[in-house]
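Chain naming follows the written order as A, B, C, D and E, and within any one chain the residues start at number 1.
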Amino acid sequence: MAVPLIAARGIMKSYGHVEALRGADFTLRPGEVVALIGDNGAGKSTLAKILSGVERPDAGTVEVDGEPVAFGSAEEARGAGIETVYQDLALCADLSPAANFFLGRELLRPGLLGLLGVLDNAAMRRATREACERLGVRLASQTVPVSALSGGQRQGVAVARAVTWARRAVFMDEPTAALGVVQTQRVLDLIRGVRDSGVSVVLISHNMQDVMAVSDRVEVLRLGRRVARFETARVSMEELVGAMTGALEARDSEGTE
Amino acid sequence: MAVPLIAARGIMKSYGHVEALRGADFTLRPGEVVALIGDNGAGKSTLAKILSGVERPDAGTVEVDGEPVAFGSAEEARGAGIETVYQDLALCADLSPAANFFLGRELLRPGLLGLLGVLDNAAMRRATREACERLGVRLASQTVPVSALSGGQRQGVAVARAVTWARRAVFMDEPTAALGVVQTQRVLDLIRGVRDSGVSVVLISHNMQDVMAVSDRVEVLRLGRRVARFETARVSMEELVGAMTGALEARDSEGTE
Amino acid sequence: GQGGQGGQGGGGGQVRVTLVQGLAGEEFYETMACGAKAKAKELGVALDVQGPQKFDPTLQTPIVNSVVASKPDAMLIAPTDVKAMIAPLTQAKQQGIKIILVDTVVEDPGIGLSRISTDNVKGGAAAAKALAEQIGDKGKALVISTDPGVSTVDARIKGFEDEIKASHPGISYLGVQYSHNDVGEASKIVNAALAKDPDLAGVFATNLNSATGAGSALQQAGKLGQVKMVGFDAGPAQVKQLKDGVVQALIAQLPGDIGAKGVEQAVAAVKGQQVTPSIPTDATIVTAQNVDQPEVQKILYKAGC
Amino acid sequence: MKGVRLGDLQVVWIGLVLVALLAAFSILAPTTFPTSFNLLNLVSDAAILLLLATGMTYVIITAGIDLSVGGVLVFSAVAAAEVMDATGSLALGTLAALVTGLAWGVLNGVLIALGRIPALIVTLGTLGMSLGGALLLTGGVDLRAPTDLNLGLGLARWLGVPLIAWICAAITAALALVLAWTRFGRHTYAIGSNAEAARRGGVAVRRHLIKVYGLAGLLAGLAGHLSLAKYGITGVSAHSTDNLQAIAAVVIGGTSLFGGVGTVAGTVIGVFIPVVLQNGFQILGVRPFWQQVVVGAVLVAAVYVDQWRRRARDQ
Amino acid sequence: MKGVRLGDLQVVWIGLVLVALLAAFSILAPTTFPTSFNLLNLVSDAAILLLLATGMTYVIITAGIDLSVGGVLVFSAVAAAEVMDATGSLALGTLAALVTGLAWGVLNGVLIALGRIPALIVTLGTLGMSLGGALLLTGGVDLRAPTDLNLGLGLARWLGVPLIAWICAAITAALALVLAWTRFGRHTYAIGSNAEAARRGGVAVRRHLIKVYGLAGLLAGLAGHLSLAKYGITGVSAHSTDNLQAIAAVVIGGTSLFGGVGTVAGTVIGVFIPVVLQNGFQILGVRPFWQQVVVGAVLVAAVYVDQWRRRARDQ
């Protein structure tokens, strides 16, 4: 079996006396789409944040390409080619869509102005509009701040951003929750496209249709622990729901690693 | 035909040079579940905010029980028995779930302490926990602020709050976007239960399965205008998607009013 | 230090005295502290210096309270308000601390075994005369002061006004503007006054910060020679303005002497010897002509000691 | 990272810092610092600031700010002095101070809540207006308190503690309870946490803001009256740093300038930390300039310890 | 309600308010107010404050605050004076002012960004430390500037305008462009808008904050040097309200204390409005106490007009 792109073992994380993760495991292989599912409060977002460097685990190990890593910041995870769409989107509400799209990676003007750090706003706007339109998200105006966008428009910006920059893996924490039917379909297509270009995708979603439609594998989190893993092709929706709610016993269709 | 509970006609609303609503109509009859659907940015949330008193229209009329009204504030709409689950949830992140649940309607201690405005925190916590559990949303701790809840837990609090207080109508702007499978099912059941108790429901959702499953009628918004109305029983999912995207011509299965 | 016993009266231990300035870091009060320190060293007295960061009784009161708590034998103080400092000083007195007023005073005559200060009314009158002479007894004259309720500057204003009214009818008096003892504020006031009355003839600034600020405004405005100015005190910046021709006369007090005499009186009071209830100290008019004379050089305020 | 913030535990750490400071000074100056005389002075120096800081706590929890407190204090003191002078009645003077304080506070609230002008600007404006107004009323000179007030309330003690300190402590305690336990307090937090959510939830945000600024004004008015009694003057040229002192106390006590969190108990500690530092260093005979340096450094260190412990607990 | 806020149009209304004020005073005092003498005075009074307010704009856009500017200014002036005195070199003195200013700013930034102590507390602490430190260096008294500085840079003019004003204007203009057009500016807005999102987006938030506070310190250091040249003294007791003045200017100019929005152009107007008001009313001969009242009232009214127009446009 190929070396996993990301392998996390025994991740623990508490906030005060709330134990969000109690020894969670997680595996992502190169070029696959893994759905990470679980009930509300199961710890999915917490795990995604830890694997993308935003939070630090209290215990447990994370390996990337078989090497142990300890991401100290989102910056480091991004350096390793890992991008994330956060459930709370993590946009700067006062900035324009383009400013958010290119946040931390701003395009500079060519030549001397660029050396002085002068932004190339026109180019950034153009690229942002194009990336959003690829998702079917229309931005009425490019100069309004993100706070003036509709819920779906905001999510479109966040998804487009992550997908554009990812080189190894994208975490998508409920990326279609606010999206319309067409836009959701486009995101699912996009996920497939991304996977085909060799980038792995972790899809966190409560929509089992979407999960079944797009994922190669499913990992199920319950009460802060991984309780089941499935090949998507060999599992039914009922089984997934059963695993999430605990109606089914813990199950691992892939055997131990 | 019975007098509509809410009838809005020709609603216009612009933000700067963005026209969010361009003469939108909307009807809600007593005791029915209406799905309000449309593409991202179609103006659904804006319409919901106007009908629940949070924003004022630039033009157009709103009638409640056939009487023209001009809600000056959310407070007035709530006085008329109309509650809303906002897409952005509108929770106070620093306050506890119970404080949010009872915001503006706090329970006071009995007797003298109550006259002094002293809160009955224990009772409020109890009621909040019960209302959330009815939706299948478990709160790990009642004293953490809402900012520490998972996305789905927050949404559960907002939905439970609106449903508990509504007497005439509930607007739900994508109430299940962050909810798990089970919780979503419970909310759909709840919507039916609410309708059966005589309260009308407006469901804004991008999930066509849910729309088909729970609504009596569907109104479709596109680019700030109502472009179609359907009896749910007599429409297919394809038709709905077609109406939203404009692939289908504007259509009104109920004829003009 | 907190080493002493805090005992009463001239017992065996070293006499402990605290000087509470009106404003820490102002040359007048720093020079006073220098004089007091020198005298304390000479007499073998342990001297502490404290002072508020603004000339403000609500800031000076807690300082007095803590000084009282540290139980010195005597306290030299320049009260920042004639009224507000009565209560804390009464409390200090009740604790058996000998109080000597240096520079400013309070309204309660029962406070302060000795009061040592310049004759400020006379100083104000002298300033009026000097200014009148400079402007040829005619034209508009403005006064810049700190804040009302400070005994010294109020007295200077009184002396100035009385003299102008009595003997210089040709001068049209524009009244007092208050700078809150802030150099920048004083400078702004004078700037605006120049714009409003381009024919302004003379300015009297009643203390060190007011004068420094007023002088710098005149210098900036390039009104050298057109507007004459007399200032109280002789801080280093003021002396420089005098030499640059911005200011025509300074009324120099003897802060070092005030401090030294204060320590003497304090020691006398602590040892139960005779104290002098009121000690007026001299004021000298410093001009460009006499500023370089050695006896005048000696009285200019020091930039530290 | 927000972390768990409810409950009053947050006050514990900064309280321990205060205790540590008290202990340190008591060891360094055993015969002078921990005396009842000195500690009573501390309390009495802090009492009036405590009122201002308590009002400021409410204001800052709504994500507002009030720079006008010092000016309102002076204006109320002047109003009280003039009314007492004219009528000879202490009671009417007290009333005048309270009413004028309340009026300035309500003016602040109306301009902020209805005019939607930033609180910083409104209260900077009313700071100038109230101070200037006070000076106009007095012609620029300090008025004196009637002797009965200055020697009565100003010096009165109960169980050995100045009556003024009792009054301030009682009001602070009452307002601490109101903030923590009542609907009024709950709405104060809600507005600071998310004013729009509070509005949608049916909280009368504007009316509440007017009440909160009115409360801060009322407390400043009372502070003016007490300060008139204590110092015997209206203090027209003093009080210029009251606003910053009160704001600092609130923030030291763990209230966020961004609103939504904070406690009066924290503010009480926040009032005492700088007062104790100042007093302790003065008693130790540290030179004034060093004092400034050391007080500044210890202040930062104290809050650092607090933040650090709080963070450690949250993680 | 947030509404549309991008673009620089927001500065227009408050700018019109300033123009209206200038026009009004020119009509009321046609022979004295709109003279080149008076207007140059205005510019030169405002110049140094402009530097502080520009640095403050950056700081406030990051949702921070810097109370220490006045202290840092004084400290740098003292450092410059002592170095010039010791070495006789004006250039070394300038360098000393800049380096010490930068150092204080970086200290602020480090404590805020790495120590995660509230900016208000950190800068209140460094305000005391820098002021106290300056007084320690000088032994508590004002130092004088060397005559070549005071009579050179202090009085120099170019095209009739004081050189100091040119320097301040040039730096302000440059920093306005940096804020609006460069990556550095973009990150400044991002941090103030949502620091967590900026961090997740890969902005080195801590490093950037250190730079922003360093910049504010550097500007305060330069302000100290220029103020030494202009006034000829280090002004150890003269800068206690600089922080509030700078903050007020920034907020009048439309920058939110909650961060994320604001422009330097707005700040420039915000610096001039109070200066013009003060000067105008003094020229009109309004009595000093009335001045305070009127300046306060007009300030609130000016910002009200601004807010009101802005709101009208947004709706």
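List of remarks:
Assume contacts are C-beta pairs under 8 Å (C-beta built on N, C-alpha and C of every residue); 3 or more make two chains touch, one makes a residue touch a chain.
Small disclaimer: the values here were computed from a predicted structure and weren't measured.
The set of chains touching chain C and also touching chain D is given as E. The minimal number of chain-to-chain contact steps leading from chain A to chain C is 2. Look at the CA centroids: the one farthest from the centroid of chain B belongs to C. Pairs B-D and C-E differ in how many C-beta pairs touch across them, and the larger number is found at C-E. Shared numbers divided by all numbers used gives the overlap of an interface; between chain A and chain B this overlap exceeds half, so the copies present the same residues.
Farthest from chain D in terms of Cα centroid separation is A. Rounded to whole angstrom units, the spacing between the C-alpha centres of chain B and chain E is 48.
The geometric centre of chain A is 28 Å away from that of chain B, both derived from CA atoms. The centroid of the Cα atoms in chain C and the matching centroid in chain E are 32 Å apart. Multi-chain contact residues of chain C, defined as those touching 2 or more other chains: 24-25, 53-54, 178. The set of chain E residues touching two or more other chains comprises 3-4, 131, 135, 140, 196, 240-241, 288. Shared interface positions of chain B, defined as residues touching 2 or more other chains, are 15-16, 144, 148. Remark: chain E residues 1, 63, 65, 67, 111, 115-118, 120-122, 124-129, 131-133, 135-136, 140, 196, 240-241, 244, 247-248, 251-252, 256-258, 287-297, 299-300, 303-304, 307, 311 touch chain D in the complex. Across the complex, chain B is touched by residues 15-18, 38-41, 45, 87-88, 137-138, 140-141, 144, 148-153, 156, 174, 177-184, 206-209, 241, 244-245 of chain A.
Those residues of chain E that touch chain C in the complex are listed here as 29, 32-33, 35, 37-38, 41, 44-45, 131, 135, 138-144, 147, 150-151, 155, 162, 230-233, 235-241, 278-279, 282-285, 288. Interface of chain E with chain A (complex): residues 2-7, 178, 181-184, 186, 189-190, 192-194, 196-204, 260-261. By the touch rule above, chain C contacts chain E in their complex via residues 23-27, 30, 33, 53-54, 177-178, 181-184, 187-189, 191-196, 198, 209, 212-213, 216, 219-222, 235-237, 240-241, 244, 301-305.
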